[in-house]
Each structure stands twice: as C-alpha cells, then as structure tokens.
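Next, two complexes with subunit A in common: one pairs it with subunit B, the other with subunit C.
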Partner chain A sequence: MKKTMKNLKSFLRYVFLITVSFFSVFPLYWMAISATNKNVDVIRGTLMPGTYLVENFKTLIDQQNLGGALVNSFRNSIVLTVISLLICSLAGYGFEIYHSKAKDRFMGVLLLAMMIPFAAIMIPLFTMFANMKLLNTTIGFILPTIATPFLIMLFRQSARSFPRDIIEAARIDGLNELQIFFRMFIPTMKSTYAAAMTITFMAAWNNFLWPRIIMLSNDAVTMPMLVSNIIQGYVTDNGMLMLAVLITTIPTVIIFFILQKNFAEGITGAVK
Partner chain B sequence: MRKNKLAMSGRHDLTGWAFLSVASLMIVWMNFYPMIKAFHLAMQTGTGARMRYAGLINFQRILVDPTFKETLGTTFLYLIIQVPIMLIFALILASMLNSPTLKCKGLFRTAIFLPCATSLVSYAVIFRQLFALDGYINVVLVRLGMLEAGYQWLSYTWSARLVIIIALLWRWTGYNMVFYLAGLQNIENSIYEAARIDGANALQQLTKITIPLLKPIILLTAIMSTNGTLQLFDESFNLTNGGPANSTMTMSHYIYRTSFQLSSDLGYSTAMAFVIFVLVAVLALIQMKVGDKR
Partner chain C sequence: MKKTLAIVLAIVMSASLAACGGAPPAAPADDTPNVEAAPIAEAPQAEVVEEGGTITVWCWDPAFNLYSMEEAAKVYKQINPNFEIDIVETPWDMIQTRITTAATANQLDTLPDIFLCQDNAFQKNVINYPEVFTDLTDSGINFNDFAPAKVEYSVINGRNFGVPFDNGTVINCLRTDVLEEAGYTIADFTDITWDTFIEQGKDILTKTGKPLSSTIAREPDLLMIMLQSTGASLFNTDGSVNIVNNDELKAVLTTLMELTTSGVNIEVNNWDEYITSFVNGSVAGTINGCWILGSVQTAQDQSGLWAVTNIPKLNTPGATNYSNNGGSSWAVSSSSQNKDLAIDFLANTFAGSVPFYETILPSAGALATYLPAGNSSVYEQPQEFFKGQKIFSDITAFAGRTPSNITGAYYYEARDAVGVAMNQIIGGADMETALKEAEDTVIFAMN
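Entry: the complex of A and B
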C-alpha cells in the first residue's frame, strides 16, 4: 500500500515536470517551426517543419535591413562585452586584492547604482548623448552599461579565492601589479570570465529600450529593434517574423548552451 | 623595517585605487550624474531650448494625471499577481529538481531554464503571435471545441493583462529557479532525511526547512523581481503596445511615450521617472526589513 502511494507520487512528479518542461519549450518550438512555414500554414496551426524557410529569408532581407542589424548587434555586443569585462574585473580585483576600509565604503556607494531604475536616468542620458554627438554610435550604445556594480561584485567575489601566495611569488619574480593581473589572475579565473561574458553579452544583445532611444537612423538598428519594427506594420507575415525572432535568438541560445554551467554558477556566485 | 612595510602598503593602496578607477568613474558618470541631472530636469517645463524652472509643478501634474495613475495601477497589478506566483512556483520546481531520486534532472532543468535564453523582445513577439486572433492558442481552443471562434485576447483589458502575466511567468520562473537550486545545493540532504523519519510531509519540509534556509536568496529574488517589474517596458511595448486603451501600459512605457514618442515633454517625464526611483527604493527597503525580521 505504502509502496504504491510512493510510486504514484513519483509518477505524478514526473507528469508535473514533463508538463512544465513542455510549456517551457513549446513557444520556442512553435517559433522555430513557424520560421520554416508559409504565413497561411502558420495561421492554420501547423506544428511540422515546412519548406518555406528560404522564401521567408528572402522576404526578410527584402523588407528589413537584416545584414546591417546583425552587424550592428554583434559589433555593439562584442565591444561592450570585451571592454566591460576588462574594466570591471580590474575593479573587482582592485577592491579585493588591495583591500582597505575606504574601498569597502566606496564599494557600498557604488552598489547604490543598482537601485537606480533605467527609466529614471534614460532622459538625462539621452540629452547627454545628444550633446556629445553619440547618437547612432557603438560608443553611445556601450557607455551606459559598460561598468555595472553587479560585474564588479562578481569579480571581487572570485578574487577572494585567488591565492595570495601567487601574488607574492610573482612580485618576487619581478612582475609588476598589472602583469600579475593579466598573466596570473585572468588565466586562473576563466570560469568567472565565462559567466561574466554570458551575462554581459546576453544583456547587450537583448537590450531594447536604450538602442530604441539613441539609434534613430535606420542604419543603426539592432536585431531586437528590427523584430519590433516588423510588428509595427498592419499586416504581419508570421513566417518572416518568426524567422527574424529565430535569428535574434540563435546567438544567445548557443552561448547559453556552451556556457550553461558557468552561467548558473555566475549568476548565483555573486549571491553567496 | 616597519616604515618600509607601510610605504609598500601605501603604494599598493594607490595601485588598488588605480585599478578600480575606470569602472568606478563610469558608474558615477553614467548613473549618479544623470540621477542628479534628472532631479534638475524634473523641476523644469517646456521643450527643447525653451526649458524653464517650474518648481514642483510637474509633480503636482502627476497627481492629477489619470493615465499615470492607470499605468501605476497596472504595474502594481503585475507586481502583486505575477511575482508571488512566480517565486512560489520556482521554489516548488527547485525543490522537486533537487530530489536525489529524480532522473533526467539535467534535461528538466535545461528545458525550464531555456526561456531565459530568449530576448525580451523575442518572447514578447512570440506570445503576441501565439495569442493573436489567428494565433495558435485560438486554433487549439477552437479545435478542442472550447471556443466557437477565435477570441481577441489582446483586445480586452483583462485578457490582455492575463497574457502579459502568463508571458512574464514563462520567461522568468526558470531564472529564479536556478537561484533556488544553487541555494538548495548548500543544504545537506541528511536534514531532509531526518525530517522524513520524523514524519514530516513534503509541504512541511518546504515550509520548515527549505524556506527558512533559503531566506536570503528568496529575499534577493524578491527584490530583483520587484525591481524588474516596476521597470517593465519591452513586454508592454511589443506584446500589447500598451493597449487596449492604455490598460496594459507600464510606467516605463508611459514615460517613454511622453518623452520620445508622442511628445517630448522631458521635464514631466523625468518627474514621473522619479516616482519609479522612489518606489524601487522604498519597496526594496520594506522587503529588507521584513526579510530581516523573519
């Protein structure tokens, strides 16, 4: 009796998890399937891969600046990720390795920036960037999020586990402080950098509100903006639209799968 | 000797400041400085070059702006309904996935976490099309005989709000679950075994062991979700475009409209943005206070 109860419970648990997993994956499956189908078939509710992928692709490049948007999105996200990782890891290392009370207090002040909602500063930022002639530029895209308290904390946390003996030994060997950072710290902290890279790249790639504000020229659109522009029209070609969504999603999903483990460690690592 | 050591540490202290200077300056320049500018801007009225000091007029205008009140109400509706459901659901999923007897753990975890890999615009557009008049949801409901013809989900206030809440749950539950899973890994399984031997059921284990031990992480996810919900923009903009008749519009979306889309009333918009700032700060403080007490 007790055993059947236990089996039933275990069975129900699997049913529940399978249901949740199904609903989690289904919208993405539907999106990918729709990208390969004609609009009429999407509306008819097909769930089978179609043969209309190439046609959808042609419609998409005919109507939208797909190439430009892809180049812009990759350039903006990569430049932001590289610079952001560099300066935030330098800062996290500086806060932890050369630890002092004054620096702790200063970190506390910087953390307050996490409480500032973007909506509260987007208008002054817009006027600042318009005055600096940075609208429609990559520099304009990257500056507001180039340094975040979150990334600094993440690197400060990981620097805590960096063995001080290595630093001492390197100093005796005659390396200067910057060399120690580049030759010792960065290679040992690969997994932290991988996590930070995932988080920063995804946030940059997916950012919508800020480029929506400063990217006013059609040459400067990013992928999320392109997707959003398609639905502003009256008639929507579902196949073409879902192909644009698919193309926007592929880079982040690839990064997500490669770095899944690091990502989970990364976002939770900063919590502990 | 001692003096030498002090000189060394003084030099290293400076090196430290140099290391953290670039990122810190950027945070000050891109966050604190605009915040001060925002305060200045909120006290002004007019557009373009014709801005003039207006005192608290903008804040008085907020109090009598029906659209602002409506967007404030809608944003809080999302907050009050969606965040608790999501966090409880994430907690339940995490404790299920943490069970040592469960098979295919990795598969379930990946599937439930997968929505987090899609951008906010992408998932908003996917849900917009799924719930469109000729969308897949209507196709299925008609096929099952639950509806005679397609329902205009996004054309009625409450069904449109419901779709936004469903979409938010879909996108963020897995994200919060991962935080809880990481926290659960630090709890020894033997505690649960001991509780089971003492006859504690699943619900008791959840409320007596899991929730108290995960309290700091639950607090963190609650603050993050509150913060995120108060700033919702992409979903409101892309899923419903605020409609029907502004009834699903969030505060950020309204501010975007008044400053960049329908008009360029920067002073008034900034004053409204200030309200969001105060709300985020106050709610975070309350949550931290409540979290401390328990």
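Entry: the complex of A and C
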C-alpha cells in the first residue's frame, strides 16, 4: 500500500515535470522546425522538420544584412561586457573593502537609480548623444549601461565574502591595492564574474530600445533590430523569420550553457 | 608604482573606448557617378536637374516599400545622374519612436530626408510635430493624380504634407469553388448590401459548412472598414468626437453583431490565426485592405480558385461599396538639407512616372493610388491566381470611389475605444451605454 502510494506520487511528479518541460521546450522546438519550413507550411502549423532551411537562409541574407548585424551585435555586446565587468567589479570591490558611512550612503543613492525606468531618461540621453555625435557608434551603445547599480551590488555582495586575511597577507607581501584586486580578487571570484558576464552579455545582446533609437544607419543594425524589421512587411515570411530568431537565440544559449554551473554559484556567492 | 599602474589602466581603457567610438561612419556616397551610362530620361515633363546629392530614406518592408524606393531611384537617376539614395530599413513603430524622440529632443537633423508614414498616423504626427514636416502643397506635385480619399490622409487644414503611395483599398476576396458548391458566383457578391451578404452567407454556411470571412476578436478593423464605406468617421470636420450620435456607426455595429451571431463571420484570436483561416481554407474568403493579396497568394495550391470584388454596403444614406484600410504616404522632413532634391525626386517618380508604377506592380505587387497608372496596360494584365481576373485595374477603380475618412490626432484612441465598445455590445451590453463610455474615453484622452 505504502509502495503504491510512493509510486503514484512519483508518477504524478513526473507527469507534472514532463508537462512543464513540454511547455518550456515546445516554443524552442517549434522555432527550430519552422526555420526549416516554407512560409505556407508554417502557417498551416506543420510540426515536422522541412527541407526549406537553405532557401530560408538565402532569402534572409538576400533581404537583410545578416552578417553586418551579427558583427555589430557581437562587437557591441563583447565590448560592453568586458568594460562593464571591469568597472563594476572595481566599484563593487571598492565600496566593500574601503567602506565608510559616506560610501554606504552613496551606494544607497546608486541603488535608487535602479528604480528609474530607462524610458524616462531616454530622451535626455538621446539629446546628449546626438550632441556628442555618438549616434550609430558602439560607444554610444555601451555608455548608458556601462556601469549598472545591479552589477555593482552583485560585486559588492561577493566582495563581502572575500576573506580580509588574504588582503592583509597580500599587503604584507608587498602587493599594492590594485595588484590585490587583479591578482587575488579576480581569480577568487571567477564564478561571480561568470554570472555577471552572462547577465551583461544577454542584456546587451537582447537590448532593443536603446539601439533602436540611436542606431539610425543601415550599417549599425543589430540582431534584435533585424528580427523586428522582418515582421514589418505586409506578408511575413515565417520560415525566414524563425530562422532569424533561431540565429539570434544561439549565442545567448551557448553562453548560458557554458557558464551555467558558475552562474548559479556566482549568484549565491563565490567563496565557500 | 600605484600611480603608474593607474595611469596605464586609464590609457588602456580610454584607448579601447576611442577604438570603438570611431565605428561605422555612414558610408560616403560615391561622388563620382557614372554620367555616361545614364541616358537622359524619356519622361516628358521632367527637366534635367543638375543638383546632385544623397537622399536618405526611411521605410519598412524590403519586398514592397524598399524595393519600390530602389526602383524609383533608378528611374530618377536617368533624369538626374548625380543623384544618390541611401535607403534605411526602418519599421514603422521605429520611425514613430524616432519622430517623437527627434521632435521632443529638438534633434530634427537626426531625421532622414524622406520617410514613410502610416496614413492613419499622418495627421496625428503633423498636428503634434508640425516642425518635422514639409508643406508640399505648392511644391508642384499634382495631388489630383491620386485617389482623393487617399490624399485626404495627409492633408491638414487644407495643406498637403504627404505623397500618397501604398494602397489600402478594401477588397472582398472570395473562394469561387466554395461559392459554386453552394450555387453562387462572384457576381452574386458584387455591388450587394450587407443584408444580402449575410443571407447568402448563411446559405453557404449550411451547404458547405464554411463561414465567408474571419476577423480578429477585439480588433475593430472590419468595423472601421464598414464605417468608412458609409462616408462617416469617428470625428467631425471640426475635430470633435462623433461616436454617440453617429447613426452610421450604430448601423455598422448592428450589422457586425448579425455577421458574428449568424456564424457568417468567425472570430479568431490573433493575426496568425486570421491568415491561417483562409490559407487553410477553413473560411471561404476575407475582407481587408488589398495588401492582404500577398498573404492570400501564399497558398499556391489555391491558384485559380480566388476572385476579388467590392465589399457589401450598408443601408445608410450615402453608403458605398468601397473603403480603405491601412496604407502609407511619403513625407519630406523639414530639416532635410536636400529638400528641393527630395521633392523633385518624389514628383518625378511616385507622383509623376507611369513607367515606374508599371515596373513595381508585376514584380512586387506594389499597387499604388496614382490614378494615371490605372490605365496602363500592365494594370490590365489578367492574374492567373484569380482565374484571369484583371484585379489591379479593378482595385485602382475601387480606390477612386472610396469615401474619405477624418483621422485627426486621436484616431488610434478613438479606434481603440470603439473596439472596446464593439466587444461589449457583441457580449450583450447596451449599445447606447457602451458608445457613451467610448466617447467619454476619447474626450478624456483629448483633454
């Protein structure tokens, strides 16, 4: 009796989990399947892989600047991730290690800034960037999000668990403060960096609102902008659209899977 | 040591910033155009313009608007060999965001020379951001060459601000095989009233099991189409709201109720389901702007089975069998450095070249509202998909008979409010109460 109850319980658990994973995975499956099908078949709701992938790809590169958009998206996201990680980790480290009352108060102000929605500062930012001739440039893309309160907070939290003894020992051994940061802190906090990298890269890669305002030229188009271009026509080629979405999704998926293990660790705290 | 390291770091970082800051300067236009290769145009009214320059254009849809713009540039280059064009693919909502941003931030020079504007949003933008647009009334463009109802979309206080392009004339596409199965022909659906449409629709539904049309639930497209066909609008000429005392609107709502309750029209959940409903053949037709033809022709296996006719009319005074849904017009921005060139370009292509329209029609199905093109032999070509029907000249004729519509600055607010009322009424609410609520909502938005 007890055993049947246990079996039933695990059976129900499996049914529940399978249902949930079906709903999570199905859109991805459908996206991949649609990318290989003709528009008319996608509309008619086919669920079987088709043979139209190459044609969809040809239409895509014919109609859209796919190569350019990929290069732009990668360049913008990578540059932003590298610089942003460096700045935010230095700031977070500084806030925690050399903390004083004034700095804590300043951190509070920074956190308040998290609450201002981007839409509210969009127009003044646009005016500034247009005046500084930064439209259509990578630097224009990265500047508004180069230091985010969230990342600073993340690094500040993880710096809290960084043993002070290490810092003391390093100082005695003759390292200066920056050397301590680069040689001791960064290697210890690898998983925090991995988590921050995943978050920043994904946010930069998927960023749509800001590039859509400042990237005015054909040469500056990014992947999310390219996808949104495709759905504007009177007739949407759904096969091509899904292929573009698939290509846009791949980099974030890869980054996430590579750094998945570190991601969870980094969010919960790097030093055990 | 500390200091040196800090300085080195600072230099490295600023260098990396500078390196990416220099990224893509807009590709310099080729300033040595090949003059010999360009034969001077045949276009009779065009004089050779010496002024060169690059025109930047924002528009969406590569298969349609971008393609048409490229062809227009080819035509114009024959008149003006020094002309260069830079077409930037920009979706409409992005153009809208950028117009708003540029006008609010007072950065008008970020706008291109020419941009495409949705007809329904045209008056709103000119009223809200007059500084963005160029008055084209006295530019030499002959606006009488376009369908009057179409021109009206870009006219504000009697002044023209847009060159009409893309056609939104409403058509009734029907599957002739389904009609025949129930003993009808396309002639039985031409020049009819909605009462006849519903009556015949019920008969077809009983005999074949297929509804005649589908609409997206909560979207008032068909409502707006029917309303415009009566010659009425949601606004009066003075800009005030016209909902509660709008007899045509009430007639439209009554007819819509009957259409839906009788099962002649089915409601679907979204755009994709709407397209699927006729591509799959689960409904026998669709009523929409003629740009829907592209989607209708997706199903190549249905070639020869479709026919196009005008829409049914209501029993109100002045009602017609013609209407409009969607479409767009070209605007010239006031900040353009090459305003004269931009206007001359539009005047000699979109507003003055029949051969241009003859090129874009067969290859892109880009149907325009330029009336002189309607008489061209290209428009007279029978279309195989529609059983040899000359649909393009038919549609151009429909366009000339469409009543105009007052959109004003609050078109979308009024449209949404009436859409909500439509749902309430279909759901059983009292019509007067629902319309009063809609009118109040619009008045609230306006103040």
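Brief remarks follow.
To be clear about the criterion, the second predicted complex is superposed on the first by the 250 of 272 C-alpha atoms of A that agree within 3 Å, B and C clash if a C-alpha of one lies under 4 Å from a C-alpha of the other, contacts with A are read in each partner's own complex, and residues count from 1 in each chain.
Keep in mind that, in the parts below, contacts are C-beta pairs under 8 Å (C-beta built on N, C-alpha and C of every residue); 3 or more make two chains touch, one makes a residue touch a chain.
Everything numeric here is computed off the predicted structure, so don't read it as measured data.
Because the two structures share subunit A, they can be overlaid on it, and in that overlay subunit B clashes with subunit C. In the superposition on chain A, contact of A:28 is made with subunit B only, not with subunit C. Of the two partner chains placed by superposition, A:4 touches none, neither subunit B nor subunit C. Of the two partner chains, subunit C is the only one that A:75 touches; subunit B does not reach it.
By the touch criterion defined above, A:118 reaches subunit B but does not reach subunit C.
Contact with both subunit B and subunit C is seen for A:177 once the two complexes are overlaid on the shared chain. Ranked by how many residues of subunit A each touches, subunit B and subunit C are led by B.
Applying the stated contact rule after C-alpha superposition, one finds that A:44 touches each of subunit B and subunit C. Legend: residue contacts after superposition of the two complexes on their common chain; A:228 is shown touching both subunit B and subunit C.
Touch criterion met: A:127 reaches subunit B and subunit C at once. In the superposition on chain A, A:241 makes contact with subunit B only, not with subunit C. Taking chain A as the common frame, subunit B overlaps subunit C at a single listed stretch, which among 1-9, 163-171, 199-207 or 253-261 is 253-261. Overlaid on A, the two complexes show subunit B and subunit C touching the same residues of subunit A, namely 43-45, 122-124, 126-127, 177, 212-213, 225, 228, 231. Contact residues on subunit A toward subunit B in their complex (touch as defined above): 10, 13, 16-17, 20-21, 23-25, 27-28, 30-31, 34, 43-45, 87-88, 90-95, 97-100, 103, 106, 110, 113, 115-128, 143-149, 152, 177, 181, 202, 205-206, 208-209, 212-213, 223-225, 227-228, 231, 236, 238, 241-242, 245, 248-249, 252-253, 256, 260, 264-265, 267-268, 271. Residues of subunit C touching subunit A in their complex: 1-2, 5-6, 9, 13, 16-17, 20-27, 60-64, 86-92, 94, 97-98, 101, 104-107, 110, 272, 275-276, 279-280, 291-292, 294-295, 298-300. Taken in their complex, subunit A has these residues touching subunit C: 39-40, 43-45, 63-64, 75, 79, 83, 86, 122-124, 126-127, 130, 134-140, 142, 176-179, 212-213, 216-221, 225, 228-229, 231-235. Residues of subunit B that touch subunit A in their complex: 12-13, 15-24, 26-27, 30-32, 34-35, 37-38, 41, 93, 96-97, 99, 101-102, 107-108, 110-123, 125-130, 134, 136, 139-140, 143, 170, 174, 178-179, 181-183, 216-217, 220, 227, 230-231, 233-234, 237-238, 251-252, 255-256, 259-260, 266, 269-270, 273-274, 276-277, 280-281, 284.
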